[in-house]
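Look at the two complexes coming up: chain A is in both, with chain B in one and chain C in the other.
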Partner chain A sequence: MPSTRINNRIRRLRFDNNEMTQEELAQRAGCTRQTIIALEQGKYVPSIELAFKIAKAFGVALEEVFQYEE
Partner chain B sequence: MSFKTFTVIKMFVVIIMAGLVGWAMVSGNALIPIPVAIAALVILLLFRRGVKEVVVDERIYSIGEKASYLAFRIFGIAAAVISATLVALGQEAMPELEPIGFTLAYSVCGLMAIYYIAYIYYNRKYSGKK
Partner chain C sequence: MTISQKTAWVQLVIFSALVIGWAVLFTVNGTVFYWQDETMKMTFYWLLAAAFAALVVMNVVMSILKSRLKAVTDERDKAILRKASLFATGTSYTVVVALLLALAITYMNGGSDNIPVYFPLFIAIIGGVTLVLTQAITALIMYGRKVNHA
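After this line comes the complex of A and B, so read on.
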(Lines of atoms letter the chains of each structure in order from A and count residues from 1; the text may use other names and numbers.)
(Lines give C-alpha, C1' and ligand atoms only; values in the text may rest on other atoms or scores of the structure.)
Protein backbone atom coordinates (compact mmCIF):
# COMPACT_ATOMS: atom_id res chain seq x y z
CA MET A 1 0.00 0.00 0.00
CA PRO A 2 1.67 3.25 -1.11
CA SER A 3 2.10 5.71 1.76
CA THR A 4 2.83 8.76 -0.41
CA ARG A 5 0.94 10.74 -3.03
CA ILE A 6 3.81 10.48 -5.48
CA ASN A 7 3.46 7.49 -7.74
CA ASN A 8 6.15 6.09 -9.96
CA ARG A 9 6.49 3.73 -12.90
CA ILE A 10 9.94 2.42 -12.03
CA ARG A 11 8.95 -1.25 -12.08
CA ARG A 12 7.17 -0.87 -15.46
CA LEU A 13 10.09 1.05 -16.94
CA ARG A 14 12.59 -1.52 -15.70
CA PHE A 15 10.76 -4.28 -17.53
CA ASP A 16 10.42 -2.11 -20.62
CA ASN A 17 14.19 -1.61 -20.59
CA ASN A 18 15.23 -5.22 -21.24
CA GLU A 19 14.10 -6.29 -17.77
CA MET A 20 16.69 -4.16 -16.04
CA THR A 21 17.42 -5.46 -12.57
CA GLN A 22 17.00 -3.39 -9.43
CA GLU A 23 20.74 -3.71 -8.82
CA GLU A 24 21.54 -2.37 -12.28
CA LEU A 25 19.19 0.58 -11.87
CA ALA A 26 20.66 1.29 -8.45
CA GLN A 27 24.16 1.38 -9.93
CA ARG A 28 23.08 3.69 -12.76
CA ALA A 29 21.25 6.05 -10.42
CA GLY A 30 23.93 5.95 -7.72
CA CYS A 31 21.82 4.59 -4.90
CA THR A 32 21.35 1.28 -3.10
CA ARG A 33 19.11 -1.59 -4.23
CA GLN A 34 17.12 -1.17 -1.02
CA THR A 35 16.24 2.36 -2.09
CA ILE A 36 14.93 1.11 -5.45
CA ILE A 37 12.83 -1.50 -3.61
CA ALA A 38 11.45 1.19 -1.27
CA LEU A 39 10.66 3.43 -4.25
CA GLU A 40 8.84 0.69 -6.13
CA GLN A 41 6.76 -0.10 -3.05
CA GLY A 42 5.91 3.60 -2.61
CA LYS A 43 7.51 3.71 0.83
CA TYR A 44 10.06 6.38 0.00
CA VAL A 45 9.95 9.63 -1.95
CA PRO A 46 13.30 10.45 -3.57
CA SER A 47 15.03 13.80 -3.67
CA ILE A 48 14.78 15.81 -6.87
CA GLU A 49 18.38 14.85 -7.66
CA LEU A 50 17.77 11.11 -7.33
CA ALA A 51 14.52 11.41 -9.27
CA PHE A 52 16.40 13.03 -12.16
CA LYS A 53 19.11 10.37 -11.99
CA ILE A 54 16.51 7.60 -12.20
CA ALA A 55 14.79 9.29 -15.14
CA LYS A 56 18.18 9.69 -16.82
CA ALA A 57 18.96 6.02 -16.23
CA PHE A 58 15.82 5.16 -18.22
CA GLY A 59 16.45 7.91 -20.78
CA VAL A 60 13.05 9.50 -20.24
CA ALA A 61 11.66 12.74 -18.79
CA LEU A 62 11.05 13.05 -15.07
CA GLU A 63 7.28 13.17 -15.52
CA GLU A 64 7.33 9.81 -17.23
CA VAL A 65 8.73 8.20 -14.09
CA PHE A 66 7.10 10.15 -11.28
CA GLN A 67 3.54 11.47 -11.06
CA TYR A 68 1.99 13.58 -8.32
CA GLU A 69 -1.49 12.44 -7.39
CA GLU A 70 -3.86 15.40 -6.79
CA MET B 1 35.61 -5.37 -3.84
CA SER B 2 32.01 -6.10 -2.91
CA PHE B 3 30.39 -4.81 0.25
CA LYS B 4 30.03 -8.38 1.56
CA THR B 5 33.80 -8.95 1.29
CA PHE B 6 34.39 -5.68 3.09
CA THR B 7 31.98 -6.72 5.86
CA VAL B 8 33.91 -9.99 6.36
CA ILE B 9 37.24 -8.11 6.48
CA LYS B 10 35.76 -5.61 8.92
CA MET B 11 34.60 -8.44 11.17
CA PHE B 12 38.08 -9.99 11.22
CA VAL B 13 39.74 -6.64 11.94
CA VAL B 14 37.34 -5.99 14.82
CA ILE B 15 37.94 -9.48 16.26
CA ILE B 16 41.72 -9.06 16.07
CA MET B 17 41.50 -5.57 17.57
CA ALA B 18 39.27 -6.78 20.41
CA GLY B 19 41.70 -9.64 21.11
CA LEU B 20 44.70 -7.31 21.20
CA VAL B 21 42.92 -4.77 23.42
CA GLY B 22 41.81 -7.56 25.76
CA TRP B 23 45.34 -8.95 25.92
CA ALA B 24 46.71 -5.44 26.58
CA MET B 25 44.27 -4.90 29.43
CA VAL B 26 45.08 -8.25 31.04
CA SER B 27 48.81 -7.72 30.73
CA GLY B 28 48.55 -4.17 32.08
CA ASN B 29 49.66 -2.31 28.93
CA ALA B 30 47.19 0.56 28.91
CA LEU B 31 48.84 2.36 25.98
CA ILE B 32 48.61 -0.49 23.45
CA PRO B 33 44.86 -0.07 22.68
CA ILE B 34 45.42 3.43 21.25
CA PRO B 35 47.79 2.47 18.36
CA VAL B 36 45.79 -0.72 17.82
CA ALA B 37 42.57 1.27 17.40
CA ILE B 38 44.26 3.77 15.07
CA ALA B 39 45.78 0.95 12.98
CA ALA B 40 42.40 -0.80 12.75
CA LEU B 41 40.75 2.45 11.66
CA VAL B 42 43.37 3.06 8.97
CA ILE B 43 43.11 -0.53 7.68
CA LEU B 44 39.31 -0.31 7.50
CA LEU B 45 39.45 3.06 5.73
CA LEU B 46 41.87 1.65 3.14
CA PHE B 47 39.65 -1.36 2.49
CA ARG B 48 36.56 0.87 2.44
CA ARG B 49 38.03 2.78 -0.49
CA GLY B 50 38.13 -0.45 -2.45
CA VAL B 51 34.35 -0.93 -2.23
CA LYS B 52 32.92 0.23 -5.54
CA GLU B 53 29.19 -0.29 -4.99
CA VAL B 54 27.02 2.36 -3.36
CA VAL B 55 26.63 1.52 0.30
CA VAL B 56 25.15 4.71 1.71
CA ASP B 57 22.67 6.92 -0.11
CA GLU B 58 20.14 9.63 0.66
CA ARG B 59 17.58 7.17 2.08
CA ILE B 60 20.13 5.91 4.62
CA TYR B 61 20.96 9.50 5.60
CA SER B 62 17.25 10.30 5.88
CA ILE B 63 16.70 7.30 8.17
CA GLY B 64 19.72 8.38 10.24
CA GLU B 65 18.33 11.89 10.61
CA LYS B 66 14.93 10.62 11.76
CA ALA B 67 16.51 8.13 14.17
CA SER B 68 18.85 10.79 15.62
CA TYR B 69 16.00 13.23 16.17
CA LEU B 70 13.85 10.58 17.84
CA ALA B 71 16.76 9.44 20.04
CA PHE B 72 17.43 13.06 21.00
CA ARG B 73 13.83 13.64 22.02
CA ILE B 74 13.51 10.38 23.95
CA PHE B 75 16.81 10.89 25.75
CA GLY B 76 16.00 14.54 26.51
CA ILE B 77 12.63 13.77 28.08
CA ALA B 78 13.82 10.65 29.94
CA ALA B 79 16.96 12.32 31.27
CA ALA B 80 15.00 15.40 32.38
CA VAL B 81 12.51 13.27 34.33
CA ILE B 82 15.22 11.05 35.84
CA SER B 83 17.46 13.98 36.80
CA ALA B 84 14.57 15.83 38.45
CA THR B 85 13.68 12.66 40.37
CA LEU B 86 17.28 12.13 41.47
CA VAL B 87 17.67 15.74 42.62
CA ALA B 88 14.38 15.56 44.53
CA LEU B 89 15.37 12.27 46.15
CA GLY B 90 18.80 13.70 46.91
CA GLN B 91 17.33 16.67 48.74
CA GLU B 92 14.80 14.60 50.66
CA ALA B 93 16.39 11.30 51.57
CA MET B 94 19.55 10.22 49.73
CA PRO B 95 22.06 13.08 49.32
CA GLU B 96 24.43 10.92 47.24
CA LEU B 97 21.90 10.98 44.38
CA GLU B 98 21.86 14.77 44.08
CA PRO B 99 25.18 15.22 42.20
CA ILE B 100 24.21 12.41 39.80
CA GLY B 101 20.92 14.19 39.12
CA PHE B 102 22.66 17.52 38.51
CA THR B 103 25.27 15.89 36.24
CA LEU B 104 22.51 14.33 34.18
CA ALA B 105 20.59 17.61 34.07
CA TYR B 106 23.66 19.55 32.89
CA SER B 107 24.31 16.84 30.27
CA VAL B 108 20.82 17.35 28.89
CA CYS B 109 21.31 21.13 28.90
CA GLY B 110 24.61 20.68 27.03
CA LEU B 111 23.01 18.39 24.49
CA MET B 112 20.17 20.86 23.90
CA ALA B 113 22.66 23.72 23.52
CA ILE B 114 24.59 21.75 20.88
CA TYR B 115 21.33 20.92 19.13
CA TYR B 116 20.22 24.55 18.95
CA ILE B 117 23.67 25.77 17.82
CA ALA B 118 23.62 23.12 15.06
CA TYR B 119 20.04 24.07 14.21
CA ILE B 120 20.94 27.77 13.87
CA TYR B 121 23.98 26.88 11.75
CA TYR B 122 22.02 24.71 9.31
CA ASN B 123 19.08 27.13 9.26
CA ARG B 124 21.43 29.92 8.19
CA LYS B 125 23.27 27.67 5.75
CA TYR B 126 20.09 26.64 3.92
CA SER B 127 18.11 29.88 4.27
CA GLY B 128 19.69 31.71 1.34
CA LYS B 129 20.81 34.60 3.57
CA LYS B 130 24.41 35.76 3.37
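After this line comes the complex of A and C, so read on.
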Protein backbone atom coordinates (compact mmCIF):
# COMPACT_ATOMS: atom_id res chain seq x y z
CA MET A 1 0.00 0.00 0.00
CA PRO A 2 1.49 3.36 -1.00
CA SER A 3 2.07 5.86 1.79
CA THR A 4 -0.32 8.80 1.90
CA ARG A 5 -0.14 12.20 3.44
CA ILE A 6 -2.65 14.92 4.20
CA ASN A 7 -1.16 18.38 3.97
CA ASN A 8 -2.81 21.61 4.96
CA ARG A 9 -2.50 25.33 4.29
CA ILE A 10 -3.80 26.50 7.65
CA ARG A 11 -0.82 28.71 8.47
CA ARG A 12 -0.94 30.38 5.04
CA LEU A 13 -4.71 30.90 5.27
CA ARG A 14 -4.44 32.41 8.75
CA PHE A 15 -2.04 35.03 7.48
CA ASP A 16 -4.21 35.68 4.44
CA ASN A 17 -7.16 36.27 6.78
CA ASN A 18 -5.85 39.37 8.52
CA GLU A 19 -3.24 37.37 10.41
CA MET A 20 -5.83 35.41 12.32
CA THR A 21 -4.39 34.04 15.55
CA GLN A 22 -4.30 30.36 16.37
CA GLU A 23 -6.56 31.04 19.34
CA GLU A 24 -9.11 32.81 17.15
CA LEU A 25 -9.15 29.96 14.64
CA ALA A 26 -9.45 27.43 17.46
CA GLN A 27 -12.47 29.27 18.85
CA ARG A 28 -14.12 29.44 15.43
CA ALA A 29 -13.48 25.76 14.72
CA GLY A 30 -14.37 24.61 18.24
CA CYS A 31 -11.06 23.02 19.11
CA THR A 32 -8.05 23.87 21.28
CA ARG A 33 -5.12 26.06 20.23
CA GLN A 34 -2.85 23.06 20.76
CA THR A 35 -4.74 21.17 18.06
CA ILE A 36 -4.25 24.06 15.62
CA ILE A 37 -0.53 24.02 16.46
CA ALA A 38 -0.40 20.24 15.90
CA LEU A 39 -2.25 20.63 12.57
CA GLU A 40 0.14 23.31 11.36
CA GLN A 41 3.11 21.14 12.30
CA GLY A 42 1.59 18.17 10.45
CA LYS A 43 1.32 16.22 13.70
CA TYR A 44 -2.42 15.68 13.57
CA VAL A 45 -4.82 14.45 10.91
CA PRO A 46 -8.28 15.78 11.87
CA SER A 47 -11.73 14.28 11.54
CA ILE A 48 -13.87 15.23 8.55
CA GLU A 49 -16.04 17.33 10.86
CA LEU A 50 -13.15 19.40 12.21
CA ALA A 51 -11.69 19.76 8.71
CA PHE A 52 -15.01 21.21 7.50
CA LYS A 53 -15.22 23.54 10.51
CA ILE A 54 -11.72 24.89 9.79
CA ALA A 55 -12.55 25.40 6.13
CA LYS A 56 -15.76 27.17 7.16
CA ALA A 57 -13.81 29.40 9.56
CA PHE A 58 -11.75 30.60 6.58
CA GLY A 59 -14.81 30.73 4.31
CA VAL A 60 -13.22 28.44 1.72
CA ALA A 61 -13.78 24.94 0.36
CA LEU A 62 -12.29 21.95 2.14
CA GLU A 63 -9.87 21.25 -0.73
CA GLU A 64 -8.36 24.70 -0.33
CA VAL A 65 -7.31 23.87 3.21
CA PHE A 66 -6.46 20.17 3.04
CA GLN A 67 -4.71 18.31 0.24
CA TYR A 68 -4.38 14.58 -0.08
CA GLU A 69 -1.10 13.30 -1.49
CA GLU A 70 -0.23 9.76 -2.46
CA MET B 1 -0.51 22.53 27.34
CA THR B 2 -4.07 21.19 27.27
CA ILE B 3 -5.98 20.15 30.36
CA SER B 4 -5.61 16.51 29.30
CA GLN B 5 -1.82 16.89 29.14
CA LYS B 6 -1.83 18.44 32.60
CA THR B 7 -3.97 15.55 33.83
CA ALA B 8 -1.47 13.05 32.43
CA TRP B 9 1.42 14.89 34.11
CA VAL B 10 -0.34 14.96 37.48
CA GLN B 11 -1.20 11.26 37.10
CA LEU B 12 2.45 10.50 36.33
CA VAL B 13 3.72 12.52 39.30
CA ILE B 14 1.25 10.93 41.77
CA PHE B 15 1.98 7.35 40.74
CA SER B 16 5.72 7.85 40.35
CA ALA B 17 5.67 9.19 43.92
CA LEU B 18 3.77 6.06 44.96
CA VAL B 19 6.31 3.72 43.34
CA ILE B 20 9.21 5.70 44.85
CA GLY B 21 7.45 5.61 48.25
CA TRP B 22 7.11 1.83 48.02
CA ALA B 23 10.74 1.47 46.92
CA VAL B 24 11.88 3.52 49.93
CA LEU B 25 9.62 1.49 52.22
CA PHE B 26 11.02 -1.82 50.97
CA THR B 27 14.60 -0.57 51.02
CA VAL B 28 14.30 0.58 54.62
CA ASN B 29 12.19 -2.29 55.93
CA GLY B 30 13.18 -5.25 53.78
CA THR B 31 11.24 -7.62 51.56
CA VAL B 32 7.52 -7.39 50.91
CA PHE B 33 7.08 -11.13 50.70
CA TYR B 34 6.56 -11.75 54.38
CA TRP B 35 4.87 -9.01 56.33
CA GLN B 36 6.43 -9.23 59.76
CA ASP B 37 5.73 -5.66 60.65
CA GLU B 38 2.14 -4.40 60.85
CA THR B 39 3.28 -0.77 60.54
CA MET B 40 5.03 -1.48 57.26
CA LYS B 41 1.98 -3.26 55.88
CA MET B 42 -0.26 -0.35 56.78
CA THR B 43 2.21 2.17 55.33
CA PHE B 44 2.14 0.23 52.06
CA TYR B 45 -1.66 0.37 51.90
CA TRP B 46 -1.84 3.99 53.08
CA LEU B 47 0.51 5.05 50.29
CA LEU B 48 -1.72 3.25 47.79
CA ALA B 49 -4.89 4.74 49.24
CA ALA B 50 -3.36 8.24 49.19
CA ALA B 51 -2.37 7.86 45.52
CA PHE B 52 -5.84 6.72 44.45
CA ALA B 53 -7.48 9.43 46.57
CA ALA B 54 -5.27 12.01 44.85
CA LEU B 55 -6.30 10.53 41.48
CA VAL B 56 -10.00 10.88 42.38
CA VAL B 57 -9.52 14.49 43.59
CA MET B 58 -7.59 15.33 40.41
CA ASN B 59 -10.36 13.89 38.21
CA VAL B 60 -13.05 15.82 40.12
CA VAL B 61 -11.08 19.10 39.77
CA MET B 62 -10.47 18.47 36.06
CA SER B 63 -14.15 17.66 35.49
CA ILE B 64 -15.17 20.95 37.14
CA LEU B 65 -12.64 22.87 35.03
CA LYS B 66 -13.80 21.15 31.84
CA SER B 67 -17.43 22.03 32.53
CA ARG B 68 -16.61 25.68 33.25
CA LEU B 69 -14.17 26.41 30.46
CA LYS B 70 -15.02 26.32 26.78
CA ALA B 71 -13.22 23.95 24.39
CA VAL B 72 -10.57 22.80 26.86
CA THR B 73 -10.50 19.37 25.28
CA ASP B 74 -11.29 18.36 21.74
CA GLU B 75 -11.21 15.40 19.37
CA ARG B 76 -7.38 15.22 19.40
CA ASP B 77 -7.32 14.90 23.20
CA LYS B 78 -10.03 12.24 23.03
CA ALA B 79 -8.17 10.33 20.29
CA ILE B 80 -4.95 10.39 22.32
CA LEU B 81 -6.72 9.37 25.52
CA ARG B 82 -8.51 6.53 23.69
CA LYS B 83 -5.28 5.18 22.19
CA ALA B 84 -3.32 5.59 25.43
CA SER B 85 -6.05 3.81 27.41
CA LEU B 86 -6.11 0.95 24.91
CA PHE B 87 -2.32 0.54 25.06
CA ALA B 88 -2.30 0.82 28.87
CA THR B 89 -5.04 -1.80 29.20
CA GLY B 90 -3.08 -4.22 27.02
CA THR B 91 0.14 -3.60 28.95
CA SER B 92 -1.53 -3.95 32.33
CA TYR B 93 -3.31 -7.14 31.23
CA THR B 94 -0.01 -8.62 30.00
CA VAL B 95 1.74 -7.77 33.29
CA VAL B 96 -1.08 -9.33 35.36
CA VAL B 97 -1.15 -12.49 33.19
CA ALA B 98 2.67 -12.84 33.41
CA LEU B 99 2.57 -12.48 37.21
CA LEU B 100 -0.31 -14.95 37.53
CA LEU B 101 1.63 -17.40 35.37
CA ALA B 102 4.69 -16.99 37.60
CA LEU B 103 2.44 -17.56 40.61
CA ALA B 104 0.99 -20.71 39.06
CA ILE B 105 4.47 -22.08 38.24
CA THR B 106 5.66 -21.35 41.79
CA TYR B 107 2.59 -23.11 43.17
CA MET B 108 3.09 -26.18 40.92
CA ASN B 109 6.76 -26.46 41.83
CA GLY B 110 6.63 -25.81 45.55
CA GLY B 111 3.03 -25.89 46.72
CA SER B 112 1.07 -23.24 48.57
CA ASP B 113 3.70 -22.84 51.31
CA ASN B 114 5.85 -20.82 48.92
CA ILE B 115 3.10 -18.32 48.16
CA PRO B 116 2.21 -15.67 50.72
CA VAL B 117 -1.49 -14.97 50.98
CA TYR B 118 -0.91 -11.34 49.90
CA PHE B 119 0.33 -12.25 46.42
CA PRO B 120 -2.99 -12.20 44.50
CA LEU B 121 -3.74 -8.80 46.04
CA PHE B 122 -0.27 -7.54 45.09
CA ILE B 123 -0.83 -8.66 41.51
CA ALA B 124 -4.12 -6.76 41.35
CA ILE B 125 -2.42 -3.65 42.81
CA ILE B 126 0.52 -3.89 40.39
CA GLY B 127 -1.96 -4.23 37.50
CA GLY B 128 -3.78 -1.07 38.57
CA VAL B 129 -0.64 0.98 39.06
CA THR B 130 0.76 -0.24 35.72
CA LEU B 131 -2.48 0.78 34.03
CA VAL B 132 -2.42 4.34 35.38
CA LEU B 133 1.31 4.89 34.84
CA THR B 134 1.32 3.44 31.31
CA GLN B 135 -1.69 5.51 30.32
CA ALA B 136 -0.06 8.74 31.53
CA ILE B 137 3.31 8.03 29.89
CA THR B 138 1.73 6.90 26.59
CA ALA B 139 -0.53 9.97 26.45
CA LEU B 140 2.43 12.31 27.06
CA ILE B 141 4.49 10.60 24.35
CA MET B 142 1.58 10.77 21.89
CA TYR B 143 1.15 14.51 22.44
CA GLY B 144 4.59 14.96 20.88
CA ARG B 145 4.03 12.61 17.97
CA LYS B 146 1.86 12.45 14.88
CA VAL B 147 -1.67 11.29 15.67
CA ASN B 148 -4.55 10.42 13.36
CA HIS B 149 -8.12 11.07 14.40
CA ALA B 150 -9.22 7.54 13.47
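What we mean here is this: the second predicted complex is superposed on the first by the 66 of 70 C-alpha atoms of A that agree within 3 Å, B and C clash if a C-alpha of one lies under 4 Å from a C-alpha of the other, contacts with A are read in each partner's own complex, and residues count from 1 in each chain.
Criterion: a contact is a pair of C-beta atoms (placed from the backbone, for glycine too) under 8 Å apart; a residue touches a chain by one contact, two chains touch by 3 or more.
In this text, all values refer to a predicted model and were calculated from it rather than measured experimentally.
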**Message:** Contacts for A:65 in the overlay, against chain B (first) and chain C (second): which applies, first, second, both or neither?
**Reply:** neither
**Asked** Counting only touches as set out at the top, which of chain B and chain C does A:42 meet: first, second, both, neither?
**Response** second
**Asked** Is A:55 touching the first partner chain B, the second partner chain C, both, or neither of them?
**Response** neither
**Request:** Once the structures are superposed on A, label A:32 by its partner contacts, choosing first (chain B), second (chain C), both or neither.
**Result:** both
**Asked** Both chain B and chain C contact which residues of chain A?
**Response** 26-27, 30-32, 34-35, 38, 44, 46-47, 49-50
**Asked** What part of chain A is in contact with chain C in the complex they form?
**Response** 26-27, 30-32, 34-35, 38, 42-47, 49-50
**Request:** Using the touch rule from the top, collect the residues of chain A that touch chain B in their complex.
**Result:** 26-27, 30-32, 34-35, 38, 44, 46-47, 49-50
**Fill in**
Seen from chain C, its contact residues with chain A in the complex are 1-2, 5, 71-77, 144-150
**Asked** Which residues, counting only chain B, touch chain A once they are in their complex?
**Response** 53-60, 62
